[in-house]
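The next part holds the structures, each set out as structure tokens.
Each of the next two complexes has chain A plus one more chain, namely chain B in the first and chain C in the second.
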Partner chain A sequence: MSAVRGEGTPWRAALPFARIGFLNMLAFRARYYVGVLTYLFNVAVYYFIWRAVFRQGGSVAGMTLEDMVTYVAVGWAIRSFYFNEIDRELGTQVQEGKLAMNLIRPVDFQTVMIADAAGQSAFRAVLFTIPIAIVLALVFPLKPPASPLAALLFLVSATLSFFLVAALNFLVGLVAIRSKSILGILRAKYLVFELLSGLLIPTTLFPQPLRSILFASPFPHINFTPAALYLGQAAGTRALGLLALQAGWTAGLLALGQYAWRRSRRRITIQGG
Partner chain B sequence: MTEPIVRVERLTKVFRSYRREEGLRAALKSLVRRKSSEVAAVADVTFTIGRGEMVGYIGANGAGKSTTIKMLTGILTPTSGDVVGNGFVPWRDRTRYVATIGVVFGQRTQLWWDIAVVESFRLLKEIYGLSEAEYRERMALFDKVLGLGAYLHQPVRKLSLGERMRCDLAASLLHRPPLLFLDEPTIGLDIVAKANVREFLEEINRQEGTTVLLTTHDLADIETLCRRVIVIDHGKLLFDGALDELRDRILPITSIVFDVKRAPDARDLEWNGRPIREVGLHRYRLDLDRREAAPATAVKEIVNRFDVSDLKIEEPEIEAVVKRIYQEGIS
Partner chain C sequence: MLYFSQYAKARLEYRLDFFSSVFASFLGTAAAFGFLLIVFSRVPAVHGWTFEEMVFLYGFSLIPLGIFNVLSWNLYLFSDRYLIEGRFDRVLVRPVNSIFQVLFEAFRLESLQESVTGIAAVVWASRKMGLSFSAPDVVLFVLWTFCGAAIYLAIFIGLTATSFWIEDRIGIVPPVFNLMQFGRYPLTIYDGWIRFTLSFVIPFAFASFYPVVHFLKRGEFAREFWAVPLIAAACLAIAWTIWDRGVRRYHSTGS
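Coming up: the complex of A and B.
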């Protein structure tokens, strides 16, 4: 009965890891009630900043105050979903020698890490993102999705954001194998991601040529793309194009992660033991 | 030897380590260029393991045991050399290979810390793609032999080390692997728990023909389980053969200790060129080299020569053998 599982059928074998991720989150649920407040606070800060900016009314880069507040709120809500710590987890596993335990299982390593994070995100979606969205909608004057189609595209795009962030974090985590200390890198990463992803400022507000450079990178697809689709800023073929670009970056970075993992494996030194 | 299940050829792993130097200047300099040195944790090791064998892999701390196991289980990629296990190259065909092996690291658990043991097993069932029937049959066996049922519903963190080790052993064998690697499976266990683990391994080896390679510091593990030992030191293979042969080569001394009723004649206190020493009241000892004379011949002669009231033969302890190897190596 030797159950041979290769790279051929990773996702079925990956489901248990997603379940573990979900189960493990249950242990830390208290943290998330506090988390809801943190997100509310963050959105509040940007709400007041933008209200000051829009005091004279009008619009900035085609966005009204209501658009802007919705953009910020949607951004933080999906961040609560796509957020994961694959990079930190990978770093810890290398540091504590736990990586070995994942390597003795017949499932591709990148798949294991992303499946685990997916389980956590599924948990977040239910116990975190939805409560946050409800609280934000009650407190701030938010717009609904531009159309049913926009809502659908937004959901697809937010899901892709999860895989895009997961792919990026996996790559960042691989740096840990080389450096064996990752905290500095992680701190820098959060700043860079929050700024470049369009979470703090819509990417369209960046001056040229920075804006063009950003749109040629994967970062705006983390946050700007789903939020823009929600607001209907891109519609029709432009929306589909944006989505395709996001999917392309995600697939590309996942593949790059596979490649980098294979290269890094040669230099793994499992510490301890 | 039976058909080989593991073939290791000229296996070498070189680690590069960076030296930290003292002082600010050196620290700044190290930002630009770090001094590194290369250490061969495993150097040019060659051996094969036959199907159904239980082999002990021993050596002092830092001898390269764990590094070897990690290469054999596909965790580490060797610097050079070849390994074929179950027909796979471990680090190249990792996912397919590890589906056919079991691995236990005594210092860690492969179970999930915060969830009930049974949940971990259910997940492993999914990961290895076992059917419900296969899974139930397996769990029934583990319950019978290891008594798993008693703590299946506790989280791993609440188990004692002995209980945890039983769970880890069961987990590593859930998918019926023909090949099992154990890195210090009895470390930290009490005597009863150690005996349990050994009995279970013997049972699995006998019933399912599982091939086992185990590293240990507890030589009783080796004595009860392994007819064959491989000794490694400073990364190099020192000895590969039967346990008895190792004993013969390192400490070929057998002692015959006997008590006499009457004080013997001083001229009789010598046999085959070896002195018979007085070691207590009416107690004498002959240390003899097994390569020169068979202990049985000496015993016969002693009984003839003296008025013996009691006699026993002492073989060197495996501990003494290994201590000697660790200190002096094998000449």
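Coming up: the complex of A and C.
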């Protein structure tokens, strides 16, 4: 986190970039109306699957059908918020040679990329996530947050998810720019992340030892952690522990991205020189 | 065919890059099977469908999808590449039908992986269930796979052709593309209006679900199974008409 917020000045310098990101979103409005429909379809598929699974009632891993549907809907709703394309953006900049512009700017590159994505996510939260959440709540039988505290923890966690995904995408982008078929890699990344983050299926349902391995990775914190906090599956110190772990991974991966960028930047400069 | 081998040669020039994109594409497919595996590690059957039957259905749906994905690359880029950049002029002066040129000028080769993985899944599931196929069954299987690919292609050609009228870069393609995933699971788990949509509005169910029910010998939906070629032909005819009208309406961007 410190790379983005802690140092006051770079964050303020980054604000115009966030504003541009927001305005760029406005220019492509049509995409987002279509997007609402797409999210509705995505939740619908999993709603019907889970309804079929729970046909005889009962619970799976301590979750009822209502819990499961809420989990799925909350997951896709926050995905509409934390989603960003930093990795693809990075790839395009390299291919089109725009990266040089970013090298001469006096603002840290990772901060610029994440601030731009933050602007887009702010736009999404207002004009995308909230309408999606309302539509989903009208169409599917969803539960409200377990408690006001759960709602608050959920909001904090969902915000952290954005920074976590941004940090991961920045790293993925740095790796992907070495390949010529960035788009193929990124398409696969979406599908793999959807499974590992707990978006498609709660991480607690994975069989052992996969479950333990996953919980020792940053992935469940993208989606499982905020959704579990919403449902009140973790409360009190356990909830705070989860949040701390999520924040820890986020800070660690942001720092790693910073380090990896410094290293590959040196190489890029030599190539261009 | 000539177009295809030329493109394949060009792609294979960058061998390592090609294999890494095949691998990435495979990881994505594997993640989708992972979902099924985890759900069924918790429950024995979903709506009367066993794990093996679901793998068969999912695998079968991947075979026409793979063929479609290999060919459809240019459909996504059509409005940008051909209409806005004006490449369509060049297409029109050539003696080959415009839609074939557009489909065959770029391929997403790595998506062949999906068909191969799908066949592997179908074979695995059939063995596991002790299903045996007679020679006519195999012929039907192959034919119905191509009908499925034709249905997918026709629907997206029809949608792409709308860009002759509407200058909308995003269009209606992504949500329809997302509708495809409904075809990977038993149609019977959905509510009536979704079943209706998938059968009669955007007939994805004819590309995966109805064929599979027959091959699994479940004894349902026999009528729909035999209607598959008719539906495929109807879709192609509609797509062809829309495309043709669009081409006649086309005016070059100039320059």
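Here is the rule we use: the second predicted complex is superposed on the first by the 256 of 273 C-alpha atoms of A that agree within 3 Å, B and C clash if a C-alpha of one lies under 4 Å from a C-alpha of the other, contacts with A are read in each partner's own complex, and residues count from 1 in each chain.
Note that a residue touches a chain if its C-beta (ideal position, glycine included) is under 8 Å from a C-beta of that chain, and two chains touch if they have at least 3 such contacts.
Everything numeric here is computed off the predicted structure, so don't read it as measured data.
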Classify the contacts of A:61 with the two partner chains as first (chain B alone), second (chain C alone), both, or neither. second
Determine, under the contact definition given at the top, whether A:139 touches first (chain B), second (chain C), both, or neither. neither
For A:255, is the partner it touches chain B (first), chain C (second), both, or none of the two (neither)? neither
After superposition on the shared chain, which partner residues are touched by A:101: those of chain B (first), chain C (second), both, or neither? first
Classify the contacts of A:19 with the two partner chains as first (chain B alone), second (chain C alone), both, or neither. first
Touching A:205, do we find chain B (first), chain C (second), both, or neither? second
Of chain A, residues touching chain B in the complex: 1-7, 12-13, 15-17, 19-20, 23-24, 27, 97-101, 103-108, 265-266, 268-270, 272-273
Touching residues of chain C toward chain A in the complex: what are they? 14, 17-18, 20-21, 24-29, 31-32, 34-35, 38-39, 41-43, 46-47, 110, 168-172, 174-175, 178-179, 181-182, 185-186, 189-191, 194
Which bits of chain B are touching chain A when the two form their complex? 15, 66, 70, 73-77, 91, 94-96, 98-101, 103, 105, 107-110, 112, 114-115, 119, 122-123, 126-130, 134, 175-178, 183
Chain A residues touching chain C - in the complex, by the definition given at the top: 28, 30-31, 34-35, 37-38, 41-42, 44-45, 48-49, 51-53, 55, 60-61, 179-181, 184-185, 187-192, 194-196, 200-201, 205-207
